[in-house]
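Handing you a structure now.
Each chain gets a letter, A, B and C, in the order it is written, and its residues are counted from 1.
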Amino acid sequence: MAEALLLARGLCKSFGALRASDNIDFDLLEGETHAVIGPNGAGKTTFIWQLSGDLHPDAGTIRFAGEDVTSLRAPARARRGFARSFQITSIYREFTALDNVALAVQARAGHSFRFWRKAREEAVLRDPALRVLEEVGLGARAGVLAANLAHGEQRQLEVAMALATGPRLLLLDEPVAGMGSDESQRMVEFLSRLKGRQSIILVEHDMDAVFSLADRISVLVYGRIIATGTPQEIRANADVRRAYLGEDVQ
Amino acid sequence: MNLQLVLEQILNGLQLGVMLFLMAAGLTLVFGIMNLVNLAHGSLYMVGAYLATTFYRWTGSFVLGSLLALPATLIVGVIVEVVALRTLYERDHLDQVLATFGLILFFNELIAIIWGRVGLFTNLPQWLSGSLDFGGGFSYPLYRLLIVMLGVAVALLLWYVVARTRIGMLVRAGASNRMMVAALGVNIRLLYTLLFGFGAALAGLAGAMAAPIYAVQPGMGEQILIQVFVVIVIGGIGSIRGAFAGGIIVGAVDTLGRAFLKPALATLISPTAAQAAGPALASILIYLLMALILALRPEGLFPARGH
Amino acid sequence: MRSRARNLVLLAMLALLVLVPPAAALLHQLFYVDLLRRVMIFGIAAVSLDLILGYGGMVSFGHAAYLGVGAYAVTVLAYYGIHDGLLQWTVAIGGSMLLALAIGAVSIRTSGIYFIMITLAFTQMLYYLGISLDVFGGDNGMRLPERSQFFGLINLNNGTEFYYLVLSILAAVVLLVQRLVESRFGMAIRAAKSNEARSRAIGFSPYPYKLAAFVISGGICGLAGALLVNHTAYLTPDFMQWTRSGEILFMVILGGVGTTAGPVLGAFTLLVLEDVLSGWTEHWQIILGPLLVLAVLFAKRGLAGLLPGGRGG
């Protein structure tokens, strides 16, 4: 079998006496949607930041598409095809939705040491951006200032920006966080359309979303992955039920 | 170049260093805990120097004059905080920089109006103006020694208060979590005002100590303020330890550089070139050091945790 | 609509500036040509600062340094008998860019208060360097031996010709900066200012772009310095006083950060204010100081925010 798209081995990260990541092994296959769940304080954010390149692990390696990227920082990983959405909405509030996505396109279009042409008039940036916006359902809101979008629309914009970079891997950090049930459903439907076409790591608390989207689930507790498997396997796993799902799942 | 000269310059460096420390401690406390950049810190130093000199003239006693200057500067600091600075806590650093810059202009002119632009001259009292004899022909001015000792004493006192007392704990807690401290029932406003006043008193102390040996004139605060910035960048912001280490390093490098760089250069290059380059290089030495620290360790030597 | 209003305002400002010399001549008040020329020179400096401040989010308290480098470049070359304006001004711009590169390289990795303190410290460093250079007058400075020569094309000794040259340069600089901030490069630094974490996540490394903006800004300010010393005909290390950095910063803020017209409006306001106040009393700073404080506290959007077409970004 071909090497997994993303391979993390032995990730360790400590903050003082706290072992936030304790020897984590994790892999993502091409085209799969692999969810990471766990109680608050389990170290999900620390784990995600090491994958995205925002935090350097104390030990362990991360291989992406056959290349060792452990020492690469976030911008370098992004340029290799990592895309992420943030748990707390992180967009360019003073720019329009279209500007936001166009910037994501621009970031992947080589260097930006171009000083003369107006970026907003470059079709090579605007057209793909508009296409992605339409794909996530924000086409009609392209000209709206990001700060004026509804919360759910801003989360959609986050995903749009991630997609606009033409990624090989999507790191989605709680994409439906703070959304009402209608909005969540729409987002989940959209994400399910992405399944298979994209390789997705999904960090989520919303169990409905997780169980309907994930091909595999890894459970993170106190910095260690205590179980990895299909949704059915995880549901049935006694350790997991004890540690996390408890009475929530019948 | 003899041993006595070297010893003398080392002590001078220490003396400048502790004064820089006093200034840096006040500035870094205010910034670290209240997140306030106060460019007018130098103005408080200037106020301290002017008040100490004036009180000395009025009372005839140097010690009394200097002692009176401390609470007086503290009061000035409190007034400034209440009138002008309260609204700045919520603002971003640029706004704070600009507003306190405006305060500098105000204070410099106020001092010039009250005391004139020429500056004040102070003589040390007889009993302080002698030198201490260390034997072997080496003697050093008593007053400067006292400054060093006083500075070290304040450093120890500060360390003790911040690290070991409940007030210190509040102060450190306030630095990392304002809401929590407020929720505990502590009056944040009062705490901030007192803290700022304390920082002002430290600056005033430095100014009072400086009055007899440095030029007391409008604008004296800004000259030392920039050096204090260098101290903070080198030592690390938000930490008393950093302020002390940075202060001593900057004081030593600046003093020794000015004294020995020219003769040292003269051994390497021609005396005439050294004559021109020496003083120029000595005057920018601490900035080059700052650039070096920035390149190698941007967070400073002893940054406070969490910064 | 908004940008049409803005363009109208800019054209109106340009028209007014163009009309100053003939109007001044009519009123026998040639002093105004001098004043407005000074305003425009500082306007150029303010525009350069606004590039990195308003669009890049970098608060530099050190732009006086580049004014100084530009001024010293011209004067030092003139001192050694080189009066060719093109050469002098190229050295002024180039030298400033080099200095900006050096300072920026170590400073830009920091941000916020550190960046402010560091840029301030480096400016003061240059000031002390200037004072210690006795051969060029030390802290007294020296007369500019001769104004920059342009082979008879333009005579800088003619107040009006010099005025129109400065006006042209100002217009060119404003246009240049406007193009810059709308280009991919400009979008990259504006994105970094808006949300650095997001920029890194999509693949921008902010550092090279910020550094480039810093260098360009320094170069433009160096040109302002070359113009300034030609205007005053006297070189002084005071050009590099950190208080001057503060003045330029205030011009940008007063006029409106991140706007096209702002920096020039701010330069005009501050310099005219200083001029008027110093006519009233020699202690004018005691009035200006609190005024500036009040401006910061209550007038954050700046003057350009009040005009129709307001924020030009």
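What we mean here is this: a contact is a pair of C-beta atoms (placed from the backbone, for glycine too) under 8 Å apart; a residue touches a chain by one contact, two chains touch by 3 or more.
Note that the structure is predicted; figures quoted are calculated from it, not measured.
**Q** So if I look at the partners of chain A and the partners of chain B, which chains show up in both lists?
**A** C
**Q** Report which interface contains more C-beta contacts, comparing A-C against B-C.
**A** B-C
**Q** Computing the C-alpha centre of each chain, which chain sits at the greatest distance from chain B?
**A** Chain centre farthest from chain B's centre: A.
**Q** Using CA atoms only, can you tell me which chain is the most central one in this structure?
**A** Central by C-alpha mean position: chain C.
**Q** Based only on mean CA positions, could you tell me how far chain A sits from chain B in angstrom?
**A** Result: the chain centres lie 49 Å from each other.
**Q** Give, as an integer number of Å, the spacing between the C-alpha centres of chain C and chain A.
**A** Distance between chain centres, rounded to whole Å: 44 Å.
**Q** Need the CA-centroid distance for the pair chain B / chain C, whole Å please.
**A** 32
**Q** Could you pull out which chain C residues touch chain A in their complex?
**A** Residues 179-180, 182-188, 190-191, 194-195, 197-205, 209, 212, 313.
**Q** Write out the stretch or stretches of chain C touching chain B in their complex.
**A** 59, 61, 105-107, 109-110, 112-114, 116-118, 120-122, 124-125, 128-129, 131-135, 242-243, 246, 249-250, 253, 283-286, 288-293, 296-297, 300
**Q** In their complex, what parts of chain B are in touch with chain C?
**A** For this pair, the touching residues of chain B are 31, 37, 84, 87-88, 93-95, 97-99, 101-110, 112-113, 222, 226, 229-230, 232-233, 237, 276, 279-280, 283-284, 287-288, 290-291, 294-295, 298.
**Q** Flag every residue of chain A that touches chain C in the complex, lowest number first.
**A** 52, 54, 73-76, 78-79, 83-84, 86, 90-95, 99, 103-104, 106-108, 112-120, 122, 125, 161, 165
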